[in-house]
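Presented sequentially are two complexes of chain A, the first with chain B as partner and the second with chain C.
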Partner chain A sequence: MKAADFIYHRATGVAEALRYMEDYDGEARLLAGGQSLMPMLNMRLWRPAALIDINALSELAEVTAQGEETHLGALVRHATLETSPLIAARLPLLATMVRFIGDHQIRRRGTIGGSLVQGDPASEMPLGCLVLGAEINAVGPAGARMIAIEDFYDGAYATALEADELLTEIRFAVHPPHFAFHELCRRHNDFAVLSVAATGHFSADGGWHGLRIGLGGVNDRPVLAEASMALLEGSSLSDADIAAAGEAALGAIDPPSDIRGSAEYRAHLVPRYIAKALRDLRLSAQG
Partner chain B sequence: MSSNEHSISLRVNGREVSAEAPARMHAADFLRHRLGLTGTHVGCEQGVCGMCTILLDGEAVKSCLLLAMQLEGADVRTVESLAEDDRLSDLQAAFKKRHALQCGFCTPGFLMLATGLKSSGRKFSRDEIRGELSGVLCRCTGYDGIVRAVEDYLGDGEAVG
Partner chain C sequence: MSAVAAQRSLIGASLPRKEDDRLLRGDGCFTDDVQSAHQLEMAVGRCPFPHAEIRGLDVSPALALAGVEHILTGADVRALSAPLTVLRPVPGAPELPYYALAGERAIHEGQPVVSVVATSRALAEDALELIDIDYEPLPHVTDTLQALAEDAPVLHPGVLDSNLLARHEDRAGVPEERMAEADIVVGERFRINRVTAMAMEGRGVVARWRPGARQLSVYASTQTPHLLRHQLAESLRLDEGCIRVAASDVGGGFGQKLGIYPEDLLAALHAMALGRPVKWIEDRLEYFRASTHAREAVFDFAIGARTDGEISAITNRYTTDLGAWNSSFGSAQLSSVVFTGPYKLADAVAERRVAVTNKTPIGAYRGYGQPEVNFAREVLIDRLARRLGLDALEFRERNMLRPEDLPWKTPSGAVYDSGDYVKTLRMAGEAVGYAAHRAAPRRADGDGRLKGIGFASFVERTGYASARFLANRGSIFGAHESVTLRANRSGDIDLYTGVSTFGQGSETAFAQICAEILAVDYESIHVHAGDTASSPLNTGAFASRTLIAAAGAIREAADELRGKALRIAAWVLETAPEALEVSGQVVRLRDDHSRSLALSDIFTRAIIGQGIPPEETPGLEASAHYAPDEAAFSFGTAAAVVAADPESGEFSVDRLVMVHDCGTAVNPLLVEGQVLGGLVQGLGAALSEDLIYDPDTGQLVSGSMLDYFMPTAADVPPIELLHSEIPSPVTSFGERGVGEVGTIPPAAALANALCDALSEFGVELSRLPLTPESVWRALKNAKGANP
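Our next item is the complex of A and B:
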């Protein structure tokens, strides 16, 4: 199908984009990579009055190292995360996860900001940002504000952004030394049935500290398995620890039933995929 | 020209062109219906099948997920850029040699995706080629010939047969 009619605006700066959004009073959509938006327009699931193309805003396309922090502009494309040596060194979890997004062509166009704002409960970037504890910078008519990723989602496809706000940047603190990621897809590059990302610190005393375990595709938004994380603090990630953490994670999930799998199937997989990720984590500390 | 129709100027296959398009028209329809470049095929119009893959400023992208308006000032290459007169390009010749097409509907997508892979300058194993090629669907061949043809073209696989 073809998209319904809309007015097209090409913004040349953040201020201009914000003015357009104000003009349309919630009826306009921002066009970044367009890899989720354009299918929805073509299928007429959305009929916005206007599209505001922000692809010319090169100031939003930068990857910058700020001391220990790494800042990604909203328009940083998945292909950049895939190939940038700076990302490989400073945000290796994202560099790993990005390979699971869409396909080659989708990753040339899709952006991290677009992926976060789209807020698909099964998508990779929201989960990666959650596990890494990212902070999101948004600007609106009243100025800029920082939103913790834990507070960014109100539900599936629903964010804390106001209709007149623009996500400009995602900020990451220093990346934990160990990380692991596992995802189940029914077909190559399909949407995930579920995904698990984990990070942690391994100390000389043989214990793991500050473990973070995030789950995608098993709730209306990516969630942290907080009970599992607490259980594993200081542990050696023994097989028994891992099994207990997998069971403890079941309290954090409310999985959907859809064409990719039933809720029961997803719940069955959660402890198993947590175990895969935690065993990888344990292995990475032995290397 | 209706009020929501706009003039778009771009470079296509090395030529400067300009044409009008409504705001809502996607780039694949623009190439086909406004510029007459019907080598770019339209399959699903939702970014799944990859038939409409073109090069936008050197990168393989799906033109059904791009507005015609976004081509303003861009450098676009379509499948029409590959053959010179009656002479097939190396990539097309590899497809012919490896029997990498049957009905041919998906072929422009694979050819432009492979052209994008080549211009990235990266080396790909056969497994990696399979992964990258997952962005175009083929209902005829079972992919084996396509993977081999692209492997031949990228020049870093072992030539088989």
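Our next item is the complex of A and C:
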């Protein structure tokens, strides 16, 4: 399939990109890595009024340490997350998860901003950002605003961004010391049947604090297993704690039945995958 | 021949592939690399429904679009051409009419309905969007068995009363009586998934018509240039002499690129109407609906045995899904031929039913019925062993044919030529440490996974028994291959073959055999493949038969050419031909190497007819056609080692061992490539690939690379190949076919390994693919049945 005709603009700055978006009344699409957009264009499933290429916006491609915070520009490529020493040191969960995205070619082009805006319920970056409690900076005609990742998704492939807003940056607070990630795929680095990411602090008293457990692929957006998190506060992550947390997570899910797996199977796997991640955390604290 | 057989220096050598240099440099010439001046591009509009009446179709807005040059509809195609023909019809079945474009009714999603030619593909696709087609959806049926129910819509009402295209039975002895007498019978319904070959290059065609010359040139991605030429001539009602078909590099065949497809004919019709070259390149989304699917079948398979472990009868009643139409090769036929496998029994029956459904037509695919029936039989062999309390390996060994039993006429009438089946079974068992596994206590690993080992043995038919056999089955091709060898004045040999190059390495293997017989350098053989204008008429590359048949043709042609070259050289050197030998690029006296003549000198004399013996005619070339007397039967055993989680059904494939015998290996490197490639396709079909149709909408729901789980390189488990090399007595050099073997045993070996790992739960598996979820469901069923 070949794309239908489209108008193409290459923006040279954020302001110019915003102007183009305004010109097309929100009917244009931004082109970043293009890993989801281009197939949709070629299949003629999307027919934007125009494409606004933001790849020349080098100010959006930066990884910066701002005190304790780490800021990622929307155009930071997956391959950068995979190889940057700064990311390895400051956002190791993302550095781990990014290797589960597609293949080398996809990771060379794909961007974290594109992945967040695409909003696939099974994809890695939205889940990683959720578990790390990221904040998203969006710029529109009325100026900039910060959106908490917990408020970013309205559903599958649907975000809180307005049609004339541009995601420019993702900000992360200091990364918890312990983290774990597991996912099940039908083939290597395919879209996840389900995925689990977890982070936490282990204190000298032998208890775990501030645990965050996120689940991908089992709802219309990545979700936190909040009941499980509450249950585990201060616990030692004993086998019994872990089993109880796995069961408690079932309240947070509403899994789909699709070609990758039935809802029933996904629900069966959720406690098992949570257990895998929590056992990893326990092990990480021991090591 | 005797002198040749004694040398054996090139046959058996892992020479580098002739094809690789150009392919690795990006210098291959695939269909889309063919660029012509004034070329136009074609796009095909396809039916979005599984079954629909086409009430009207208005092409005028599309024709008005600037850059659109020509449009064909179903009515045009009926006026200009005959229905597509079939190479391998179902014996006894009526012809199902199928034109290049649907007429008043379309019978599967993806069936071509309208075809547009424009100055670019994008523009042609724009034009398709402007064509308003008035479809009235009709009741459809996509399930193989439901298609045979009384209330199913009949898809070819003018020809058939139901969707049962044919029913055929092959039997020997009294299987029903033996089954009734058996101490134990295991039977099961097995469901084989619908899959597709997924060549890297999809199909494609470039057609050019020169009206003044009445010459149609067709470049196509095909395994059968000469057969495609014949089929084009039939449908276009043109003389074959007006058509040239050329396939340069073909990016994968696997049986899917046998014979004509609608788009081949459409490109030719457009080109003839316009007098301009027309190109069509299949894109991957089209591919999922436009190129033949494969395998889908339902088997009711049963094995009867005595308590002492002797198999007494096999019944194999199965229904293959044809899809909507009988494509050039139709649905697989070999599930009726090798269904008793390597086992010794006299009483067996195979009943084959062919069902028509509203789905993409089924065609040939690597294995052609053999992987399907191997899954049913070998899974039941293990189940029977478990019920009898016998070891799966010992049970197989006990029932296997011994070398001294061969040649053996099977219940299907096939004749196994030679082999040592037990040897491959033992080799597989040793390779995976089966004895130690049997003796060790069952203990889960650190992840709670249980280890299992499973085996699958097979006998594979390669090549065809004879042209007579094919004639009895209504096939419109022979069992032979052909070659033309032509000496050139550089002292090299041009080898012309109708076998196109699609990754199988035939250029390499042909050159090896030719160089061996002529005793010339391998580098001096130039292979020109796949062009009907230059190659002798042949059959084509399929059924693991190319080398089996071509080797004999190359030998005969090379002997003839060599004989004449030596006679000329002997005349010049004033000696007898018997006193001469070829060495590299010279002919010399055996006893006096200083007296020699360059091949370029001899070849030049012959070609220009100057300085040759008076009784010799000018020219130095030879053609030969050769058909082996019998099919050759490859054989072997695969073993899989898995670790399975009894809670989640998740599993890993830790090892896959393949022991196989393809007789004399002309080039072990090619053999390894063929077996590995087949194994990976077999693994894909066994573990993940599945073309699923929604029963309510009749739509293909896994019709893109997003949802069709073809394995990637990272998914391939460790594979070990072990070779046995027992020459076949029925072929020129003792070779057996090797192209398809890898697809046959993986599914059964994996299922048996999973059942072994989960044996304490009584898990039984009977449908493909084997996914973590399907294993989990089997576990749930088993736990429910045996709480």
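Throughout what follows, the second predicted complex is superposed on the first by the 287 of 287 C-alpha atoms of A that agree within 3 Å, B and C clash if a C-alpha of one lies under 4 Å from a C-alpha of the other, contacts with A are read in each partner's own complex, and residues count from 1 in each chain.
Assume a residue touches a chain if its C-beta (ideal position, glycine included) is under 8 Å from a C-beta of that chain, and two chains touch if they have at least 3 such contacts.
Please read these numbers as outputs of a predicted model, since none were measured by experiment.
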{"item": "Contacts of A:Asp205 with chain B and chain C, given as first, second, both or neither", "value": "neither"}
{"item": "First, second, both or neither for A:Asp103, with chain B first and chain C second", "value": "both"}
{"item": "Which superposed partner A:Tyr8 touches (first chain B, second chain C, both, neither)", "value": "first"}
{"item": "Touched partner set for A:Ile259, first chain B, second chain C, both or neither", "value": "second"}
{"item": "Partner chain(s) touched by A:His268 [first = chain B, second = chain C, both, neither]", "value": "second"}
{"item": "Set intersection of chain A contacts, chain C complex versus chain B complex", "value": "1-5, 43, 103, 188-189"}
{"item": "Residue numbers on chain B that touch chain A, as the complex places them", "value": "4, 6, 22-26, 29, 45-47, 50, 53, 56, 59-62, 64-67, 69-70, 72, 113, 116-117, 131-135"}
{"item": "List of chain A residues in touch with chain C within their complex", "value": "1-5, 43-44, 103, 184, 186-191, 259, 261-262, 265, 268-269, 272"}
{"item": "Contacting residues of chain C [partner chain A, same complex]", "value": "120-122, 125-126, 129, 283, 285, 647-648, 650, 688, 692, 701-702, 706-707, 709-712, 714-715, 771-773, 776"}
{"item": "In the complex, chain A residues that touch chain B", "value": "1-8, 10, 31, 34-35, 38-39, 41-43, 51, 53, 55, 79, 102-106, 108-109, 188-189"}
